[in-house]
Each structure stands twice: as structure tokens, then as C-alpha cells.
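One chain, subunit A, appears in both complexes that follow, with subunit B as partner in the first and subunit C in the second.
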Partner chain A sequence: MTAILNRIKVALGPDMAGPGFALIAVLVIFSLASPQFFSWATFGSVAFQLPELGLLTLAMLLPVLTGGLNLAITFTANIAGLTVAWVLQQNGGADAGPFAFFLGSVLGIGVGALSGVVMGLVIAYTRAHPILVSLSMMIFLRGLGEFLTRGGDVSGFPAFLQPLGHGSILGFPVPLLVFIGCVLIWHLLLTRMKLGFNTYMIGSNIEAARYSGVNTRKVLVLVYTLSGAMCAIAGIIMLARFNSVRVGHGESYLLITVLACFLGGVNPFGGFGRVIPVAVALVVLQLLSSGLNILGANQHLATAVWGILLITVMILRFAAGHFQSLKRKKG
Partner chain B sequence: MTGRESAKSGQKPLLSLRNINMTFGGVRALKDVSFDVLPGEVHCLAGENGSGKSTLIKIITGVYRPQDGAVIEFDGQTYSHMSPVTAQNSGIQVIWQDLALFPEMTVAENIAFQTLLGRWPRFVNYNAMREKAVKALARLDVTLDVDRPLKDYAIAQRQIVAIARALVGEAKLVFMDEPTASLTQSETDHLLDIVRTLSASGVAVVFVSHRLAEVLEISSRLTVLRDGALVGAYSTEGMTQSRITELMTGKTFDQTVRARNVNANPVVLEVEALSRPGQFEDISFAVRRGETLGITGLLGAGRTELALSLFGMLKPRSGTVKLEGKPVHFSSNRDAIAAGIAYLSEDRLSLGLIQPQSIADNLVISSLDKIISGGLLSDSRKRDLVAQWIADLGVKIGLQTDAISTLSGGNQQRIAIAKWLATDPKLLILDAPTVGVDVGARAGIFDIVAKLAETGLAIILISDEVPEVYFNADRVLHMAKGRVVDQFLPAACSLAEIEAAVYA
Partner chain C sequence: MKKFMIAALAASLSLGVSFAAMAADKVGVVVKIGGIPWFNAMDAGIKEQGAKLGLDAFMVGPTSADPALQVRAIEDLIAQGVKVIGVVPNDAKVLEPVLAKAKQAGIFVITHESPSQKGADWNFELASSTGFGEAHAKLLAEKMGGKGEYAVFVGSLTVPLHNAWADAAVAYLKSNYPDMKLVGERYGVAEDVDKSRSTALDLISAHPDLKGFLAFGSQGPIGAGRAVEERRKTGEIFVLGPFSPGQGQKLIKSGAISGGFMWNPKQAGEVFVTMAARLIKGESVKDGDDIPGLGVIKPAGNDIIVDQLLPINKDTVDELAGMGL
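For the complex of A and B:
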């Protein structure tokens, strides 16, 4: 039995234990508490809500792995969404064609990436703390966005955007497919590409990486650029889901993305963490809130339960580490 | 053995340990160790990494509790184990290698803060604190501005602050863990003077150091541990460095001069009038294929800066560097690596290797292109490459995915060397390759260096330990104050000649 468990542990990686355990716990508890939990409705609500938070978490993940942070993710997403909206409106608003949307998306991703490039350059060259740099970017983007929209909503998009937010292909919601695609790209980037390898190395010790011949500035700039581009994808999905763009959309997701990273076993000081456990952690968070919803709990209570879950995970992780070191001492 | 010796000297020991046993996770870290320190003496505790030195110190200072049956006598009192509080209150102080000081606080605060802990009323009396600090520094015959933040002072002065802090704590016995590891020769001399002052005022000092020359110079007695067991306690009178090494490792090392004549080989690197004002000036030399060029000199002689300039990480102001006859200009170390220059950093812990990351990743970080297949990094190629280097250099590891920090200093250094060899260098610069490597493992490192030279690699070996370059280099340059002042051929001169020149 333990041999099988060990085999599974090795196959999944040690950082899978926390999120995996949480996933099983949530599934068991809610299916006992409510017979409706195992249903298409639950799956559907998780599948449609997961991608926004999930894409933003992917955007947060890369900077966290380098030992940094990107606090501008939600506003980058919305500015990119605004860019798409602007292009659509210039081309006839609700009558705009698919090409206008394509053009807008390319431009929007460009804007997101640009915000990342700026942050990356400042962080790499001035060695200013990423929290301060991205906080400044966040304030700038919020101000800019509120100025451009006068604080209101931008809406009136063509009908063909509906499926991107609400449609399904073979039963799978389109936003979920986009998210899964992005997870796979991030996974490939971090496990099989030089940039990913160097991201981990920089996260553990940037000076030693530089002495080893890693172009640390280039890596930092690319990491924040990709983070910004991922924000833009999240922004486009949000545009399609809400059928509108507002500067404040998804603002409350910001800190939850950080916590989702840590719940997924990412080292808060950088250098360690994988994409798949983070994705599982996101599923856990979403199942939790959907489950509570089914039980009739208030939406705000669900958020509070997220907080409790995360604190519990930190304590359990500490206890597990403590237990292991005790075991090592006693032998 | 120790008992006999202290009885012979007729003095009652200040500290006396008997039957000290300690086990960690099934491994016996200390086996029935005895240890005596006489009042006011300078005593050296010697042994390789993992021999049990720090465990012993931690038992004496109450960090660890020894197994039952232990007897600790200190200053007339008998204990079965210490606690950190009893140890401090009875006058035992430790100066750890990292000093445990607060850089942002002033010198006075650093020296005197311990005396304030737990006193009522809980207010800070800055005048009393200053007074105590000034007094403690005066006892050491040192003047420092006690109001300046500690970070303004260099490591040597910080060491003194740590000693002063021990004095404020009314120390009768001070342990110093590798106190000279990061000091220059003149700073070391100053520190040794302070240790003498301390010992003359009646404080016993236990010195833990890898540098055997210092051990012989400063201490009157020596206790050697090997693999957690006591080898013996000796008087340092008539003791030699090689004898201590033998006691520590249980092996005999006969060092022979390895220098060969490689003048027929083509020149790999040629440096002409290279200058970087304030760090090094007018440096000219050449290294040939298969040659090991030693560069020695005191810390601060500009050796590391010169190496970093050749490695593209610093920009020389003037002069030329030619690699295989062609002038080269590097705008970063990536250019240098691509051109075939590798640099093993003197600071393995924070610059040479990425300590939390795996052995495999540390080995391949500088040669990722070698493990790419089909545009992506290949895990199997990485495994094969790492396995090959580990076999080639005889590194002992557990799993390739273990953190590099789990390896011993010697094995870490082998991985660091492998990392650079994987970049196919023409010139390998080794900056202090034996720092933090056990005496026993150093020979292994130099065997590798010799083998590499045989294959035609040009090597620059930088070390402030003259014997290292004397025995292992074909030619030795002596750098002082940023200039090359002399050149020696080990085959044609004695070790004493070079040492006299360097330490003059």
C-alpha cells in the first residue's frame, strides 16, 4: 500500500500532495453534504468560473517563481480588454466583424505584453523591488483605465463573441479549453524550455545564475512580458464572459491568485513550483465556492472559507515539515 | 589521554567533558569524546567537516543535549547537560562564523544589547550601553566609533565587535568558529593579536580553524576529532601542519611539486598591460595549453578582479586580451563562456552554485544547449550528461535531483568544476577552489586539476594559500596591490622562498 502511495507520490511530485489532498477532501465532504454536488451543474459552474481566476493565476505564477510578484495583473487584463473593445467600437461596435476582433486581440495582447515589458525592464535594470514596480504599474493602469472609461462600463459587442464566453465544444466550455491550453503552454515553458529553467534558477539565486552565464535581465523582462500577455488573454475571456469591460472587473482576484500559487506548492521566495499543482489548487478553490453555493451559503462566506482553507494549508505544511524533521532527528 | 595531559600540567581544567555521546538519525555524531580546556589558554579544536566539531560546541553551549552519562564540568560546577541560558550565565560564549550581528544597528547596540535583555524597567539606557561597549573595545585595545551602524565596518571589524560582545557577557570561555575564514592576512594577524590579549586577560579561547598555519601560531594545545571520535589532545609544540593533517584525516599526504615544462605548447591566453585602476594595473602574462598558472598574493591583491575581467564580468580600462592569438572584447560573461573561458567562483555558497536547486540543474545550467533535442530541453539527455560527469570526476551523490546543498564541500566543488567543463572551455580559471573543502578532499580536487591540464586545458589557479599553487602550478605569479610583482617556477625554487615573498 505504502509502496503504491510512494510510486504515486514520485510520479506526481512532492508538491502535489497538498493540492491533491485538498481536492479529495473537498470532493468527499461536499458529496456527503449534498447529493447535488456531483452533477453537471457543479461541473458547469466550476468550468465557467475557473478560467478567469486561472488565467490570472498563470500570469502571477511566472513572476512569483523568479522571487517577484506582479500586482498589476487585473488592471493589465482590463486595459487589454479595453483595447479590444476600442478596436471593436472603431469597427462598428455590435456590427464589427471577426477580423476586427482578431486585430483587437492581437493589439490587446500587445498592450498587456507592453505593460510587462516596462515592468520587466525597470525590475531588471534598476533592481527595484517587483512589488513596488508592479504596484506603480497597477496604479497607472487603473488611473488610465478610469480616465478612458470615465469609470463606467464599455459594452455592445458583436454576437459572435458570445460562444467565447459561454459556448461549449464537445461539452467543454470554451473558456475552460483556453485555460487548459494556457496551462499546457506554461507547463511546457517551465519544464522543457531554457526560459523556464532559467526562471527557476533566477528565483533561487539571481547572482549565482548570472555568474553561470544566464542572461538574467533578459529572463526577467521575458517573464514579465509573458505575464502581461497572459493577463491580456484573461482580459479577453472576461470581456466575452461579462459582455462588457470595466476597469474594476476581477479586482478581488488579485490576492487570490497569489494564494492559489502558494496553495499549489509554489515557494513564496521563488525557485520552486509547478503549473499542474497550481491548476489543481485552482480547481479546489472553485469547487469549494461552488459547493458552498449549492449548500445555499452566501457568496461572501465562500470567500471567507477560501481564506480559512489557505491558512489551514499553511499550518498543515508547517506541521508536515516539523514532523519530517522530527522523524529525521529521531531516525 | 586528555586527562593525563592536563594532570601533567598540574592545572585544573576550566572545562572538562567526559563520556560525550550524540546520535542523529541513527548516525553517531560523537563517540565517547572527552575534551579539556585550561583556564586562559588558546586551544584549537581541529577536524574535517563532519568530524563532530560543531556538534561538540553545540553540546557545550547547550544547543544539543548529549546522551545520558555525559559529564560536563565547567568552572567548578558539574552538569549532565547544558542549556543555552546556563552556558551564557556561567560565562561560555560562542562567536559563530556568521557572527549573528545586526548590521543596521550601531556598534554599541550590537555589543551591549544582550545585557539589556529581560531587565526591569524595560527601557534602553543608551549611555550605559555606550559605556559598556567602549569599555569592552578598550579591553581589546581597539577603537571603533560605537555610534556608527555596524554595516559601515568591514568583516574584520565586525569580528571584533562580536568578540567585544562576548566580553560584555563576562565570558570565561570563548569559542571562535572559523574566525579567519574571510579575513585578509593582516586582518588575521590583528585578530590573532586580539586573541592573545584575550587569553592574557584570563579568558580561555577555543579556536576552530581550517588554516593549520594559524592553529600552530596561536594555540598552545590542540584537540583533534575524526569521524566523531577523539583522536587525541596534543601540545602544539613541535607539531607540524602535515602531522595535524595526518591526525585529522588518518592518511598521510606526501605532496610533490607537480610542475612540468610546457613551454613548447601554443599560447591560449595572452594578457597585455591590462589595467582597471584601483583594482589591478599593467598586468601582462600568458597561459599555454596544458599549463597550470598559479596566481597568489594576499586578499585584496586584485586577483579576483583580474579573473572577473578575463571572464567578461568587469570591464578593463585599458590593455588587450588575446585568446588563441585573436583579440577579444567581452560585453558579458556569456561572451566569455562562448569564447571558451570558464570561471569557478571563490564564493561557492552564494555565487558558484545555486544551493537550493538540484545537483543536475546546477551542473547543466551553463551548457543548456547540450541537452536540447528537438528544440526542447530533454530530461534524458540531462540525466545522461550528469551521470557521465559524475562518473568522470568521481563525485559521490545520492539522487541527481537532490539539492546541491546536501553535498559535502568537496563534492559540491567537483560539480562546480563539471559545470564549467561541460561548456568545453579552453581556459579554466579556478578562484580559491579549496575554500570550504576538507583537507582530505583537497587532494582529490587537485588530482582532477592535474588530469585536466594533461588533456590540454589551460588553467589559472588562484589561491592565497601559497602551498597550493606551489605544489600544483607549473608557474606562479605573485600579485600585490594590483600588480604582478614576481614570478616563480616551483620546479626551481622552494616553498619558503615564495612564502617569504608573499607574506613579507
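For the complex of A and C:
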């Protein structure tokens, strides 16, 4: 019995405790507070809203694991979305064919990756702080996007894009499937691949990693490139969900992605953190926001509750660590 | 202990949340942004009429005017199982897919300030776009003496209604007052006081002959009025447009804003609920029906357009502001 429990404990990992506990707490409290909470419709609503935030959080996760930050994620996503919109518009707007969309998506992901390459190169070679570099990139992309669109929206896309944002396959929302796919890719990347291992090493101690023969510059550039490409995927999903592209779409998500990373047990200084707890943390944040909406609470309250949740989880994590070290001393 | 503390924390938070009777049919109205006077007045109308008609009617005000947040709010309303969703769209196109989803779930959709909105059962306006635009244009021409330069603000270049007003006003002035000239393009700043103010200041500097602002958007006249006051051009440059009387009371009294027309957002809130009640009960909405708050209607497509204009000027502003607008 204890052996099984231990196996589960190891599989889930200690970093699962915070988000896992928060998930249960949120589920219990909201289902007590509102009879409608435990319904298929609620989970449908959550499943459709989660992916756009989730994909951006994945884009934030890799740089955070190296001890950096990518503040340009939302604007990279929208610039990639604009690229797709531009290709569609060049090919007939609402009448564009699937090939135009495919071409646009490839170009869009390319643009996202390019912004990542530039950031990665600057960070790796000049050793400027990632916050400064990505902030500059964010300001550049925002200005560029506002210049190109004159601050307005681009819309009028072919009808076959709608299912990508609002359709379901076998009852599973398409954006959710895309998100789950990306979570799995990130999970495999970090647990099974050399790049993932090196990412953790750089986050723990970049000098030690360099002396151990890790090509830290190459890894940093790759990490930011992947982050940029993931932003582009988020941008394409947002394009389909909102039926339009605007440079400011989802601007409010930027800090929430950082919040989700930390809630998911990622070390803010890099080196530690896993994908699955972060995904659970995202579910918690979305359940909390949808749950409060379903109760009819003020929208501003949801933001405040997110803050409280983060602080609570940090205190709990500290307490749990303290408790464990006490136990070890006694044992 | 820890669990208990979290539970207590969450419980105390949810106490601040309003619980309404579960039995009543729910009507949720998503507005452009929460916490500004215009939509507070609409909220009051929605709640009063909801209590009167026995519906659980409430307003959802997103934390910023990001169309993405409206999509999220509507998705949560669908999950909540409301009978009717009302929307004052930030961006008509962004909402099309999610409104289609609401209809699939058997929910009635009513919009306001978004002519011919796709996915809506009905869209209602308390002012016809030509009537409203021309009323402002006439007043502006009268104040400017029929000549000089003027600039036009709209809430955003993607708000269809503001642009329809602007079209009507500009067309009216062009054909009736050939000596009046529009400067620049349309500026999509009028949902934001600071942007309206700074754009107005820039325009005043750039165009010395500028004599008038037509600002369509609730914050536009306020911002432009402040700019006129700062430049001490009161009485030389005339600012016209619909705005919240309480917010612009001082500016209109000092003459920095010359006047405008509006409709009553509280009345709009009431109409949302009245229409919702009719749709839930299956009552007709057709040509010649007399609906409280709208009068006798004459629907065209899914649009119900009536002219219920209220002039805002030095004489009426106190009374309107007293209503909490």
C-alpha cells in the first residue's frame, strides 16, 4: 500500500502539491457555491478559454527555465497572427483556400521563430539581461504592429478557420487538442531530449554548464526560438477564436503567464520546474476565473483572487518545505 | 488546518458575490467595459427592470475594452445557462463565432449599438444613425456659423455605429454647408479621455483654423472639451458629441463643451431586459408593436431603430446628472 502511494508520489513529484491542492480546493469550493459549476457547459467554457493562455504560458516556460523571461510573447503571437492574416488577405481574404492558410501558418511560425532567434542571439552573445532584451523586442513588435495595422483590426477570414477556434472533434474542443499536443511536445522535449536537459543545466548554473561542455549559446538561441514559434501557434489560435487580429489582443495575458509558471512550481531563478504542473496551474486559474463569472462576481474580483491564490500557494510551499526539513531532522 | 484556512478565505470571498434566486430565468448583459458611468447607469436599468419583470438580470463588465475579454465573458454566460445574452460589442466581427455558439445552445441574443450584428436575434438602437449624426451636424453648423474646419472622433475605427453617425454627420455638412471642411481622418480615440484630450491638443496646434470637434464616443467630448479649456479656446472652438452628463457637467457649464444629444443608457438597460422577457415568453416582436422604452417599432432585418434623443445642454445637464448619468 505504502509502496503504491510512494510510486504515485514520485510520479506526481513534490512540485505537483501546490497546483494539485489548489485544483481540488477550487473544484470543491465552486461546486458547493454553485450547482451549475459541475456541468459539461462549464468545462466546455473552460476548455475553449484555456488554450490561448496555455500556449502563451508554454512559450513563457522555456525561457523561465533558463532563468530568463520572454516579455514579448503576446506581441510575437499577434505579429505572427498578422502574418497569417496578411497571407490570407493576399489570397482573396474570405475566399482564400486551405493552402493559403497553410502557407500563412508556416510563414507566421517562421516570423515568431525569427523574433525568438534575434532575442536568443542578443541574450547569448551580449549577455544582456533577458528582461531588457525581450522588453525591447516587445516594444519593437508592438510599434511595428500598430504601424502596420494603424492600431485597428484585420478581419474577414475564410469560414473553414472557424472550427479551429470554436469547433470540436469527438466532443473535444479543437484548440484544447492543439494545446494538449503542445504540452506533450514540451514535456518530451524537457524530459527526453538533450536540449531539455541542457535547458535545466543552464538555468541551474550557466557557468558550470559551460565548463561541462554544453554549448550554452546554442541552447539559449534554440530556447528563445522555440518560445517564439510557440507564440506563433498561440497567435494562430487567437486569430481563429477572435475572427480577427489586432496588435493588442490578449495583452492582459502577459503577466498571467508568468503567474501560471510560478503557480506550477517553476523556480523563478530557473533550473527547476515541469510542464505538467504548469498545465494544472493553468486549469486552476481558468476554473477560478470562469467559476467567479458563473457565480456572477465582478470581473475585477477574479484578478484579485488570482493574486491571493498565488500568495497562498507560496506560503503553503514554504510551510511544506519547512515541515519536511523538520521531519528529516527528527528522523 | 491549511485546508480549512483556504476554505475560509474562499468562503469569505464568495460572500461578497451576489446570489440571486436560482429559479428565475437569467439574463446576462456583457458591456464594453465595467466601472464607467455610462455602463453603471445601464447596470441600474438592467437591475431595476429585472426586479420588475421577475428575471435574474445582471451586467458583466470586463476589466478592459479588449474584445477577447467579451468573448470569454459570453462563453462563461453560455456555461451558466442563461436564457438571454445581451451584448454591447467592442468589436462586431470578433463576436460572430461566439454568438453563433450561443444560438446553438438555444440562447437568445440581443445586441445594442451594433447595426445588423451577425448572430444576434435583435439589435436595438435608441437613435437612428442618420438622425443622430444629423442632429449633431446641425447643431455644429449652427454654432460654427456654417463655416470653418472641424475634426471627427469615433470610439474606435471598428465600432460600426460611431462610424455610421460620423458618415451621416459628414455627409450632411458636406451637402448643406460647403464652407465647412473636415480635417484629417477619423480618429479612433473617443472611448479614452486621455487619448481624446491629447489628440485634440495636437489637432488644435496643427490646425489654427480648427473651429469644431464632433466626438462620437462616450469619453471623446470630455477629452476634447478639456483640451479646449486648456488652450483657452472656449467660445472659439465648439465641441459636440454624446457624453455622460455627470462627467461633463462642469465642462458644459463653462462652455468648453457646447452640447450634444444622447440616449439614456439606463433606458437601454431596461430595454435589454424588456426585450429578453418578451423573447423568453415567446411574445411577438414585429412591425407596429409598442414596446416600453422603445415605443412603436418598425424592425428592418434584425435591427430595431427608434429615435429617443435627449438633448444635453446647459439647461438639461443638471437634471440628467442628477439621474446618476
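Here is the rule we use: the second predicted complex is superposed on the first by the 317 of 331 C-alpha atoms of A that agree within 3 Å, B and C clash if a C-alpha of one lies under 4 Å from a C-alpha of the other, contacts with A are read in each partner's own complex, and residues count from 1 in each chain.
Here is the rule we use: a residue touches a chain if its C-beta (ideal position, glycine included) is under 8 Å from a C-beta of that chain, and two chains touch if they have at least 3 such contacts.
None of these values were measured; they are calculated from a predicted model.
**Q** Here subunit A is shared; do subunit B and subunit C fit on it together or clash?
**A** fit
**Q** Give one of first, second, both or neither to describe whether A:Glu207 is in contact with subunit B, with subunit C, with both, or with none.
**A** A:Glu207 contacts subunit B only, not subunit C.
**Q** In the overlaid three-chain picture, which partner chain does A:Gln36 touch, first (subunit B) or second (subunit C), both, or neither?
**A** After superposing on A, A:Gln36 lies in contact with subunit C but is clear of subunit B.
**Q** With the two complexes superposed on chain A, say which partner A:Lys194 touches: subunit B (first), subunit C (second), both, or neither.
**A** Only subunit B; A:Lys194 stays clear of subunit C.
**Q** Calculate the angle at subunit A, using C-alpha centres, between the directions toward subunit B and subunit C; round to the nearest 10 degrees.
**A** Result: 140 degrees, to the nearest ten.
**Q** Pick one for A:Met238: touches subunit B only (first), subunit C only (second), both, or neither.
**A** A:Met238 sits against subunit C, while subunit B stays out of touch.
**Q** Which touches a greater number of subunit A residues, subunit B or subunit C?
**A** C
**Q** For A:Leu103, select first, second, both or neither according to whether it touches subunit B, subunit C, the two together, or no partner.
**A** neither
**Q** Kindly classify A:Ala25 by the partners it touches after superposition: subunit B alone (first), subunit C alone (second), both, or neither?
**A** Only subunit C; A:Ala25 stays clear of subunit B.
**Q** For A:Leu254, select first, second, both or neither according to whether it touches subunit B, subunit C, the two together, or no partner.
**A** neither
**Q** How far apart, in Å, are the nearest Cα atoms of subunit B and subunit C after the overlay?
**A** Subunit B and subunit C, overlaid via chain A, are at closest 25 Å apart by C-alpha.
**Q** Show me the residue ranges of subunit A that touch subunit B in the complex, using the header's touch definition.
**A** Subunit A residues touching subunit B: 188, 191-194, 197, 200-201, 204-205, 207-215, 271-272, 328-331.
**Q** Using the touch definition from the top, list the residues of subunit C that touch subunit A in their complex.
**A** Touching subunit A: residues 2-3, 6-7, 9-11, 13-14, 16-20, 22, 34-35, 58, 60-64, 66-69, 71-73, 75-81, 91, 93-94, 96-98, 100-101, 105, 156-158, 188 of subunit C.
**Q** Help me check something: in the complex, which residues belonging to subunit A touch subunit C?
**A** Subunit A residues touching subunit C: 25, 28-29, 33, 35-36, 39, 41-42, 44-46, 48-49, 52, 150-153, 155-156, 162, 165-166, 238, 241-244, 246, 248-252, 289-290, 292-301, 303, 305, 308, 312, 316, 319.
**Q** Which residues of subunit B touch subunit A in the complex?
**A** Against subunit A, the touching part of subunit B is residues 23-27, 313, 332-334, 337, 343, 345, 350-357, 361, 365-366, 368, 372, 376-377, 419, 423.
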